[in-house]
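Labels run A, B, C and D following the written order; every chain starts at residue 1.
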Amino acid sequence: MTDSTTSAPGPLVGWIGTGRMGVAMAQRVARAGVDLTAWNRTLSKAEPLKRDGAAVCETIAGLRGKDVVLTMVSTPADLEQVLLGEGGLLTDPGNLPGIVVDCSTVSTESSAAMRVACEERGVGFLAAPVSGNGKVVRAGALSIVVSGPKETYDKVAHLLRHIGRSVTYVGEGDLARLVKIAHNLMLGVVTQTLAEITVLAEKGGVPRHAFLEFLNNSVMGSAFTRYKSPAFVNLDYTPTFTPILLRKDFDLGLAAARRLDVPMPVTALTAQLVQASVGSGRTEEDFSILLDLQAAASGMTLKPENVVVDDGLGAAAGKDAL
Amino acid sequence: MTDSTTSAPGPLVGWIGTGRMGVAMAQRVARAGVDLTAWNRTLSKAEPLKRDGAAVCETIAGLRGKDVVLTMVSTPADLEQVLLGEGGLLTDPGNLPGIVVDCSTVSTESSAAMRVACEERGVGFLAAPVSGNGKVVRAGALSIVVSGPKETYDKVAHLLRHIGRSVTYVGEGDLARLVKIAHNLMLGVVTQTLAEITVLAEKGGVPRHAFLEFLNNSVMGSAFTRYKSPAFVNLDYTPTFTPILLRKDFDLGLAAARRLDVPMPVTALTAQLVQASVGSGRTEEDFSILLDLQAAASGMTLKPENVVVDDGLGAAAGKDAL
Amino acid sequence: MTDSTTSAPGPLVGWIGTGRMGVAMAQRVARAGVDLTAWNRTLSKAEPLKRDGAAVCETIAGLRGKDVVLTMVSTPADLEQVLLGEGGLLTDPGNLPGIVVDCSTVSTESSAAMRVACEERGVGFLAAPVSGNGKVVRAGALSIVVSGPKETYDKVAHLLRHIGRSVTYVGEGDLARLVKIAHNLMLGVVTQTLAEITVLAEKGGVPRHAFLEFLNNSVMGSAFTRYKSPAFVNLDYTPTFTPILLRKDFDLGLAAARRLDVPMPVTALTAQLVQASVGSGRTEEDFSILLDLQAAASGMTLKPENVVVDDGLGAAAGKDAL
Amino acid sequence: MTDSTTSAPGPLVGWIGTGRMGVAMAQRVARAGVDLTAWNRTLSKAEPLKRDGAAVCETIAGLRGKDVVLTMVSTPADLEQVLLGEGGLLTDPGNLPGIVVDCSTVSTESSAAMRVACEERGVGFLAAPVSGNGKVVRAGALSIVVSGPKETYDKVAHLLRHIGRSVTYVGEGDLARLVKIAHNLMLGVVTQTLAEITVLAEKGGVPRHAFLEFLNNSVMGSAFTRYKSPAFVNLDYTPTFTPILLRKDFDLGLAAARRLDVPMPVTALTAQLVQASVGSGRTEEDFSILLDLQAAASGMTLKPENVVVDDGLGAAAGKDAL
């Protein structure tokens, strides 16, 4: 990568992975006027980016010469495939990108392996997982945590800022993966505590929508408590994240804690409650079914309140919303 | 209270209690142009309100004829004293206020007793505890949860909106007290989980200020996580809320849960960790010492990072901040 | 009480309360050749003691002149009634017993009140709760924990030794009540851990009766694990102790812990699981339904194994036992 | 192995591993009149068995032709070494034992690998871990849990009964390993609950020795609570089992629970408390330091009571015992 990255006319950027999250993120980069070319296994999912000024290429080979390539895929196996598999980004020694920035949620081990593969080829590598979902991206509220060589980070920070509200550099290597896992542990604990206090308030006589409205406006309110509120109020458990996926993050987090000799009592207990939610058999629903389990343990069966609830992401969500 | 409450020239409002929180709240009411008269046991603490256009009276008797009187005192005993003690607001049957709105944090029992005392005298009573501290008030970010007769609430809602960002009505009677306690349970659990994940990240190599910066910007970030960040980063445990006070709220919350047959596993575990922080003997410091206990259990001794941290309330806070 | 207590011909002993536990305990005293007179509200329940050489009296007044009177009743209210109610043991100032030994399970507060009532009248008082049920008594395996004045204890220790296998003096005042509560907390935690590991073993392929046979014979085996085994194996939840009663002991224990500034993380968590068992609505069954809840959280429905299981109390118990 | 196993003159038995536990177990077999030959890496540790009528051989080769060989070694690696390493028991295809019975505590995976190695060579294999320590063995109170082919078990059951008080067959394969791990989870939880209630009682005024005397005699008392009592009373933390070793069993147990989809809330919480004891840095002491951690969290520093305490294994143990 040359100086062109940090000055006009700007870097040539590639994008791999235009699923629900990826397309929303890439869109923001394209709309910022960056020279962007995208690839996706199912090509049709990348097409909408053309409306935002991006190009779409039919093979990953089309991205090999870019200054920076961002990846946003589903699994560690996918990441390895697009980088090192047949026709992968790093498979032509004579045509390599300058920097790879991976925004996927993969384990520290997988991240480290990809880092080695990049560095062996003289390609910079940054781990850059994100906090938020597709709706959060579109609301401009995504946050990104980045680790890797500081000078590599400095070269792409301006690009990442197009994607979301905040970009935080936390250090060398794959530390950003640990930070993302820690974030997801908090997400689990906060959901369980929301379940406990929401059921307490409801059994005491306070409707869930009223309780959560106060909480969301209080100092305890977060983007997360707000966008989970419609599910809690109207019991719409369409999955954004399943109990199985959350359990996986608790597995990773508690394994890291074990390795680092850090006891995590509240986290470990929550992990067991998440496990119990898996045991309920409702593994295809959103992990907010923790609310239902809490209610059952309290001798209650909840009913949807059918109230329009602001999810804090720019649109009211509710059973009776249009 | 006549129609004057809801139309020009506006209601006559009294304020009892101008401590750190009270004075900041009253100031916002006065600055909104409301006709406000304040009283405080230590009169000098009310004086600053004059600059905002409020009057100050020397005895509570001066507030008896007001349309609405708001109270913001420290303990249930104080509340009872200013309402029913010698020279109290409700002690002259021929001269009574229209509505009393209590913003203090008192138990459901104490609230119910004051409600009865008011209603026996034909005075409306609303329970209206708040979420936030003095700094939150000044930042205009306070939230208020209200319970009591709906028509009483409708008469004063516009007044309460001057005080903070949000006002939520949750139902009849003293339900707002339960909501406030539930909110404080979450505050305790979130602090413990922050302690667990911050220590995990730090032991893994991520500085606390970097970790919390990401978290605060992420979907998990709240006003609370932001204003606790300076304490976590720089280990300044000047108390805003002590372990003893937090334990009291857990006592109240778990007693309510017991009464309502609601199991609260994560809350109950956190209560024991708060109890352990009391056992450490550091009862005069902020309850964020939960971080130190978590570090000790992880075999670490934390050091202040001496980094300026944004507390999200309009001013960067730090060891080396002015 | 004169020297007669400790030498021939032995003290005159009274017994109040011949329910399921009481009659079995009194029987052992009578069979030891002690001069025993019993009273019970429902007189017929005391009659069987005559076969063991005891006398039965129609009113409590008949016990007032005894050297020692033991009480074994159901509730604090019952205890107060038989001591201080109309026609009670302590209501004739001219005719009082030497020592009252209460073996009931009552709170520390109730115990202290009865102690004062006795001491005001010059009557010695010992708190002497027991560990075990009727079957344990008959098997000669009851244990007794005693508190009160040491010299009072020394006068009756030989009598108490007739009742069970062990008698332990733990100190002054009502300390024995705290010890009994602590014992019951352990009973709850051990049951929950038995539920967790039994389900783990079963889901792994080990029948419950085989698992518990090993455990009962191992160093972890206790009289308790043995006599709970038939319930765990054959799912016979005929109550010996209900979730509501166990929860009451956790309430008392955690209140004592709170008062003494002792965090009890595992105890507090178990209390919530007991609360969840109450929430299941199965409040008329034995608290060993904790096993069913654990199984449900593991996605299993248990079936009775219909195996004869030794309960360790002298008789094999089982679905197909005679 | 021929019929000789079950009739006169009895099987030829080999023994590998005569450490503290192994020598005590082998001794009991030898004293029962069984034809026993022992080997140990440090040969001198096997010598004492000669006094009990056993032979000692200098190489494992001397045990290859035995009907049954029992192994009691420290680690999975040791087990693999003595069976498959250079000069190992199974390394001469022409000279193999009939049955291998492994009494060591190894993981299910390691057990399964040894099972395969045996079965490939036509050698029977039983997993037979034990509950107890050297002192328990000498007191004749060891219990053994066995899994593997039922007909193999039937051939050696009589031999195993010489070793301890009870032998329980739980099923095929390596199930006995899971049972042993489950047993150790209970051991951890019971120790933590003992710590919690002992500190509660002591802070309430009951000396530890008095409290534990009652508990040990009560229905909750077990061989384990009895032999841990001297440590709890006199704070002698000479290790029998370290926090690191206990943590390893919790790791194995919770991994099994995760694999089997069994939530274990109380177990998982205890695992974190054990982790905190590791964090205290006292990793060379007995895991009963859980008591000290509980005391510290309660604001107490314990002192040895210097009281002779019966450990239930045939000898009173105490600071001032001879």
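The definition used in the following text is that contacts are C-beta pairs under 8 Å (C-beta built on N, C-alpha and C of every residue); 3 or more make two chains touch, one makes a residue touch a chain.
Source: prediction; values computed, not measured.
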Partner chains that chain B and chain C have in common: A, D
Centroid comparison with chain C (C-alpha atoms), farthest chain: A
Fitted rotation between chain A and its twin chain D in degrees, CA, nearest 5: 180
Between chain A and chain D, centroid-to-centroid distance (C-alpha), Å: 46
Averaged-CA centre spacing for the pair chain D and chain B, given as whole angstrom: 56
Geometric centre distance via CA averages, chain D-chain C, whole Å: 34
In chain C, residues with contacts to at least two other chains: 257, 261-265, 269, 273, 275-276, 278-279, 297-299
Partner chain C, residues of chain D touching it in the complex: 131-132, 136, 141, 143, 145, 165-166, 168-173, 175, 178-179, 182-183, 185-187, 189-190, 192-194, 196-201, 203-207, 210-211, 213-215, 217-225, 227, 253, 256-257, 260-267, 269-270, 273, 294, 297-299
Sites on chain D touched by chain A in the complex: 251, 257-258, 261-265, 268-269, 271-273, 275-276, 278-279
Partner chain A, residues of chain C touching it in the complex: 265, 269, 275-276, 278-281, 296-299
